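Could you have a look at this structure, given as structure tokens, before my questions?
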Amino acid sequence: MSAGNPVSESKPLLAVSNLTLKIGASGKTVVNDVGFSVSPGEIVGIVGESGSGKTLAARAIMGFVPPAVKLVSGSILFDGDEITTMAPKRLRAVRGSKVGMVFQEPMTSLNPSMMIGRQLEEGLALHRDLNAAGRRALILDMLRRVGLSDPEGALHAFPHQFSGGMRQRIMLASVMLLKPALLLADEPTTALDAVVQRDVMELMVDLTKENGTAVLLISHDLGMVARYCSRIVVMSQGDVVEQGAADDILARPQHPYTRKLLAAMPLRGLARELPQAKTPIVAVRDLVVDYPGRQRFFRKSAPKRALHGISLEVRPGEVVAVVGGSGSGKTTLGQSIAGLVKSSGGEILFNGKPIFKSETAYWDYRLNCQMVFQDPYSSLDPRMSIGELVTEPLRLVPGMRAAEKKARVAEVLAEVGLGNGFAERFPHELSGGQRQRVAIARAVVRRPSFVIADEPVSALDVTVRAQVLELFAELQRKHGFSCLFISHDLGVVEQVADRVVVMQEGRIVEEGSRDQIFDDPKHAYTRKLLSAVPGLESSGDGGVRLFWRLGEPDTVQPKSG
Amino acid sequence: MLRFALTRIVMAIPTLLIVAVSVFVLIRLIPGDPASLMLGDLATPASIADLRARLGLDQSLPTQFGIWFSHLLKGDLGISINSQEPILPLILSRFWVSAQIVLVAVFFASLVAVPAGVIAAWRQDTTLDLGLVGAATLLLSIPTFWLGLLLLLFFGLKLEWLPVVGYVSIGDDPWRGIIYLIMPILTLFLHEIGVILRMARASTLEVLRLDYITHARAKGLSEGAVLWRHAFKNAFGPTWTLIGLVLGNLLGGIAVVETVFTIPGLGRLLVDSIFARDYPVIQGCMLFVAFCYVLVNLVIDLCYPIFDPRVTAQ
Amino acid sequence: MNRVLASAFMLAAMAGPAAAQSLTVSVPADVRSINPGVNRDDNTDDFVLQMVEGLVGYDEGGTPGPLLAEKIDVSADGKTYTFTLRKGVKFHNGAPLTSADVLWSWNRYMDPKTDWRCLTEFDGRNGLKVEAVEALDANTVTMKLNAPNALFLDALARTDCAMAAVIHKDSVKADGSFDKPIGTGPFKMGEWKRNEFYTMSAFEDYASPKTDGKIDGYLGSKRPLVKDVKFLIVRDPATVKAGLLSGAIDMGGILNSDVDELRKAPSLTVQVGTNAVRHGLLIQTRDPLLKNVKLRQAIAAAIDYDELVSAASADLAKPNNSPLYPGSSYFGDVEKQGFKYDPAQAKKLLQESGYKGETITILANKRPTAVSFPQAVVAQSMLQAIGIKAEIEVLEWATQLDRYNKGNYQMQAFSFSSRFDPALGFEQFSGNKDKQPRKIWEEPQALALIDKAMVVADKAERQKLFDELHKRYIAEVPMIFTFNGVEPYALSKRVKGFEAWQSKQRMWEVTLAN
Amino acid sequence: MRLPAFNALIGGGLIGGLLIAAGTGALWTPYDPLKLSFREKLAAPSAAHWLGTDEFGRDVLSRLMAGAATSVWISLLTVALAVIFGTLIGLFSGYVRGWVDRVIMAFNDALLAFPGILLALGLLAVVGANKYGIIVALGIAYTPSVARIVRGTVLSLREKEFIAASRVMGNSEAFTMARHILPNCIAPLTVLATSMFGYVLLAESSLSFLGLGVPPPAPTWGNMLAGARPYIGQAMWLGIFPGLCISLTLLGINLLGDAVRDRLDPRMRGMR
């Protein structure tokens, strides 16, 4: 890997300098005096959290400045031509033909009402002088190249007939057909399931390399950027805070923000010693959940089994993580243990007592089992103040006086770092991280002995995620509740879990202690999960080192210079 | 497809049944009956009783319903108490009058309003958008009966270009038939422009935010191609549904316009029958309107996959 | 110019190439049927009665007289009527009229399957029963009643009963269903196109009762002088107006409010006929408030009849408080004495009545042809002027009629359709409410007087009865009659000999100049 | 200017004007709106009668002002009635779900398929043709659409995580309904109520136009317009002014409705 400075070596393909964008109405600066460059064939990453301006800056390169945003100053030179002042017609000639773009959301980036073949053909017809047969041949070739099993059939298929990963491949095919000199990839794998993320990413890298296409990769995922890019641009709140070779930035971050970003990457701590207890706090035996079939006119369609007899134990004080891809049934498991989804078989024991057998056992469990949800925007009633939200669970605690409740709420809000004055505010006045703190406060205010956390940090930005995980761990240590932690993010799981349960298609395929699972996975699916995302480990001195779990995959060469 | 269509029609039966029963009961709850209306102030208790017996109105409600319903199952809607005409041909002939007004008006309104809505969305928050939405909202706000009245005053009385009242069937004399339909069609046309334009604009706005529009632009397509090929077709789905709704509503609610222009359409037939307490005609009209409603929605749904292949006809 | 063009444009469709002797008349609605007296309304009667005739018919003053009969003899006990048929009368199919035809027609009407509207008038359910009908010879028919009845001939002549018209048995198809009227009237059935038009043509062999050219109700001179008449259904009055102005329509009824405008048109003449329709305000005399005579008198005195009538009739009608209509031969000086508009007196009466500001609701409807709503509005304003808290409740006609039939109201603005005989005119709103809730006046003496007028045949004696009834009505104020129907017609100046009469557009003796 | 600001300004202005006119009209008008004056009937607009007089010589301006009061009052009460009943039915239906819900909604849909005039006629006949009868009839006629929207909102709210959170807390369904679902229905209900105000105004005038509606002589814009039809050739102003009032009010309502929707539910911006 060449760690030198490619900018100085050759004439850059893209040179952005002094780019400043403001919101027209409020005058707020969203991109501030930003400059970076991309050389031919190079892969450059822009990393930043939401609101960093990375997407706006990237889109400006294609001339896509939203109507509400004004370009105040700056220059964008592509191949020596100034994009910002280019006539629309010339700009259109550049778009697609010389600069291509891949989007985050594969569900909305292809036109749902147009056949794949026609969508792919559009760019070719516009920019290349080919007859229909020639275009068709090129398209089929490219579809085959991106790994579609039936390219002929795909021509006449609609996007909704493909999975997200497949659509992202088609998207890549559509863009790479024209062999652009530069590819803008805006979070190209973020919306994909963990196991396919890596495949798509590597396909992209291979394709661009074959065609000598430079890539500007925009991502919040430092690990991913570090893995594929030769250079990294770190953005925060509209500013470029640091840029340089990927290895340098990882190993020796200079700017405090970069360091904070790196520090926020989840890391594995030491395995905890838990007190041995005779009875698990929660035990699940042969839990079966069926989703009822849709009511059709005369008959119901066959029910769909979501959980095929799950057995699971959570011991006092223990954090058990449930991991799996989408459709693995992990969320259903959490919901059915929380009582939100009716089970059609099996039982749940709380402190050794089956909860469905007696009313007292059920209420004991009900009051002691709490849940933290994934989306902090929808899990808080928007019409209630923070104080009301956190007080509400105490309503059902028998014999608690108003004054006691008030004191408890104040205490818990202080614990989650929302002590002064937050009680009067409403959820929409809070940031995502603060909301999730409220959700956690609400879950622990009753001092439960068992908390189910369903993807509690997956909607949060990297640095916020770290803080919330920190808080959660602290509360867990302090109050000693057991936890079922559901997540697709192996990094997070690695950091918080004592024990890990791997699920696939409604069944548990492997379970064991965190170290067993991460270091010595037995099941093929576990291995696949682990190999899909790179891990990070601290290199000391604020820097991190990137590594592939289970070794480097053979199919893909890491980046070259 | 056929199976889906049939299922949908079968599924509409409970609604139609409820409509049938409630209409049957409701119109009989309204004071006044056809017998006393036909006899007017000259009626004597004996003559009313006699006429009621002849019309079968002296039987119990369930019996009357049973008789009507068993005829209905045989496809016989009965005959009008007032005009003694068989009801189905009567409804069909009146329906044809209303349908040509509604269909032509909505067709042309869509032709104008959908592109205008797309353009307004494309130029969101510009003067053009403001102007188009403003005009649409204004048109939407003018009640059809007043709009009709204004058109009558202007084209009929002031300019004397168009006949003020009356109706000639297109079948009898195509040219004059059209002359008589111009103003009612124009009235509905103007009103529906407002409705459809706003919907087209809103759904286009939804679509224009999506990545595939940026994707299309990123391919270097011209704005025209982006709007037409990518935005329009995807945005048309909700508008198409709305148009169906409009068609359905108009069939039931065109009475006001028919009154303004003295047109013998279905709406007027229903209103007149209600005033005359012509029970079998009211029942027939209501069932027919409800059935049309179901049918229009079915056609709309069957066409929907054209605009959105994600929605398949099951 | 423009206007004429536009009108010509829109009406060309209706006109067609008019033959010189063809008359086009506008009618506001289609006929309900062509089956005499079965499924009918005023319009239907008007058409059918140009083609068929009964034994007796009304004269211009509303008194029944012989039509197909030449003379009518009543037995001393008043129970047997002997009709001698006029000679030389032929049906439209050429067959001569005989007593057998009368018998056949009568039996058909009395068969419940025929659905004759007036069956209940003659089968005893309403008192009168025709017990036997016999043909004495080919030209003589007798009818025997259960009891003497002064109104038997009137009932026979009723237009809504289609005069119990005598029709040829070929009018009915072999399967018993009605085909078309083959009668003895001056016109023959032409073509009927539902919702568009219906026509009739002159019956060349018509035997007119008289030939002096003098029109007399359904009697008198009835010669068909135009070849065809086409009744064009034009529902909208504005179209009628345009059609008249353009010449596409030769004559037709017009709105009261259009009279002034059409009077000015050079090609048209306007005729305002009157009829025996009686408009008025009904009062529920059993209402706890309105059973008080003083209050009713106060109401009657509070209304300025000139003002009310002029507002409600567009200045076309004159007030008439009598239950008798002015064209009646019984309408004399006594009947001209109506209620006195006297607000001071009204206030005094109101005070004496002990009225304490209770609300009185006047029901009305907004049918365009009825004058109900304007009457109610004006009356309300006048009642409020003397301190009565009057309110209006506008109902749809069928609902108002239902309330009328049930007697469920305080006051309502209502119209009674034509009744020619004063006894029937009184009977229309008088009777025992326990038996017929729709009746208004139930004072026993008045009812006795009416019953007497039903049997008494002597004209002078009847006049006395009616005068007495009128005076009682003015004193008691069971309701308030305000004025009689007016029916303006506009005619092309080419149309001669038409006389508006009782909502009927009689086409005999009418000629069309070229 | 951005659309929402424009909408709020113009819409607010128009509705403000209406409310002022209605408020004034309820207390004071230049002439008695019911006072007949036969000498002045069908008089053209003049200094004495700014907007002319009608066929009974009543002052059109006074009638318009009094009519504003009646129309506003009727529309407000009708909306209130429909919202209250519709909300109760919608909440119940969304709460019980299952076959009860299906039955309620089948009736609801059938009711929606009814032509308004038949429903209004039937209900008016039952409750009586007066001002309050209209309110009840129109209120009932509009209840199904409220019920449908509330039920839809309830069903979509049920999927929200804060409802799941409430259940996890051990709250009963009824408590969840009252504490979390009902308050969150208020925003869509506000949007609905705003546009419904316009629909009711329109429905009342349409009914009047067909010969039903608020019983004259108490003026409403609808019955004034209906009453003007026969005189349209002679006295144009009779038809113009009430129609103008209805149109401007509806325009105000539509604009204000758009503004309210933008404010409360940005996702639905620009939707009808």
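Should a chain be cited, it is by its letter among A, B, C and D, assigned in written order, with residues numbered from 1 in that chain.
What we mean here is this: a residue touches a chain if its C-beta (ideal position, glycine included) is under 8 Å from a C-beta of that chain, and two chains touch if they have at least 3 such contacts.
Treat the numbers as computed from the prediction; the structure is a model and nothing was measured.
Colleague: With respect to inter-chain C-beta contacts, which pair, B-C or A-D, contains the greater number?
Modeller: Most contacts of the two pairs: B-C.
Colleague: Return the distance between the CA-based centres of chain B and chain C, expressed in whole Å.
Modeller: 40
Colleague: Using mean CA coordinates as chain centres, what's the gap between chain A and chain C in Å?
Modeller: Centre-to-centre distance between chain A and chain C: 87 Å.
Colleague: Which integer distance in Å separates the CA centroid of chain A from that of chain B?
Modeller: 49
Colleague: In chain B, which residues are in touch with two or more of the other chains?
Modeller: 30-31, 125, 275
Colleague: So which bits of chain D are touching at least two other chains?
Modeller: Residues 2, 121, 125, 211, 233.
Colleague: Mind pulling the chain C residues that touch 2 or more other chains?
Modeller: Residues 238, 396, 399 of chain C each touch two or more of the other chains.
Colleague: Once the touch criterion is applied, which pairs of chains come out as touching?
Modeller: Going through each pair of chains, those in contact are A-B, A-D, B-C, B-D, C-D.
Colleague: For chain B, which residues count as touching chain A in their complex?
Modeller: Residues 7, 10-11, 124-125, 210-212, 214-222, 225, 229-230, 233-234, 307-310 of chain B touch chain A in their complex.
Colleague: Which chain C residues qualify as touching chain D in the complex?
Modeller: Those residues of chain C that touch chain D are 238, 255, 257, 307, 310-311, 366, 368, 373-374, 377-378, 380-381, 384, 392-396, 399.
Colleague: Okay, in this complex, where on chain B does chain C touch?
Modeller: Listed in rising order, the residues are 30-33, 36-48, 50-51, 54, 82-85, 160-166, 168, 172-173, 176, 179-180, 262, 264, 275-277.
Colleague: Could you list, by residue number, the parts of chain D that touch chain B in their complex?
Modeller: 1-3, 6, 106-107, 109-111, 113-119, 121-122, 125-126, 198, 202, 205-206, 209-211, 225, 229, 232-233, 236, 239-240, 243, 246-248, 250-251, 253-255, 258, 269-272
Colleague: For a test of understanding, state which residues of chain A touch chain B in their complex under the given definition.
Modeller: 59, 62, 64, 67, 92-97, 99-101, 103-105, 108-114, 122-123, 126-127, 158, 160, 171, 174-175, 297
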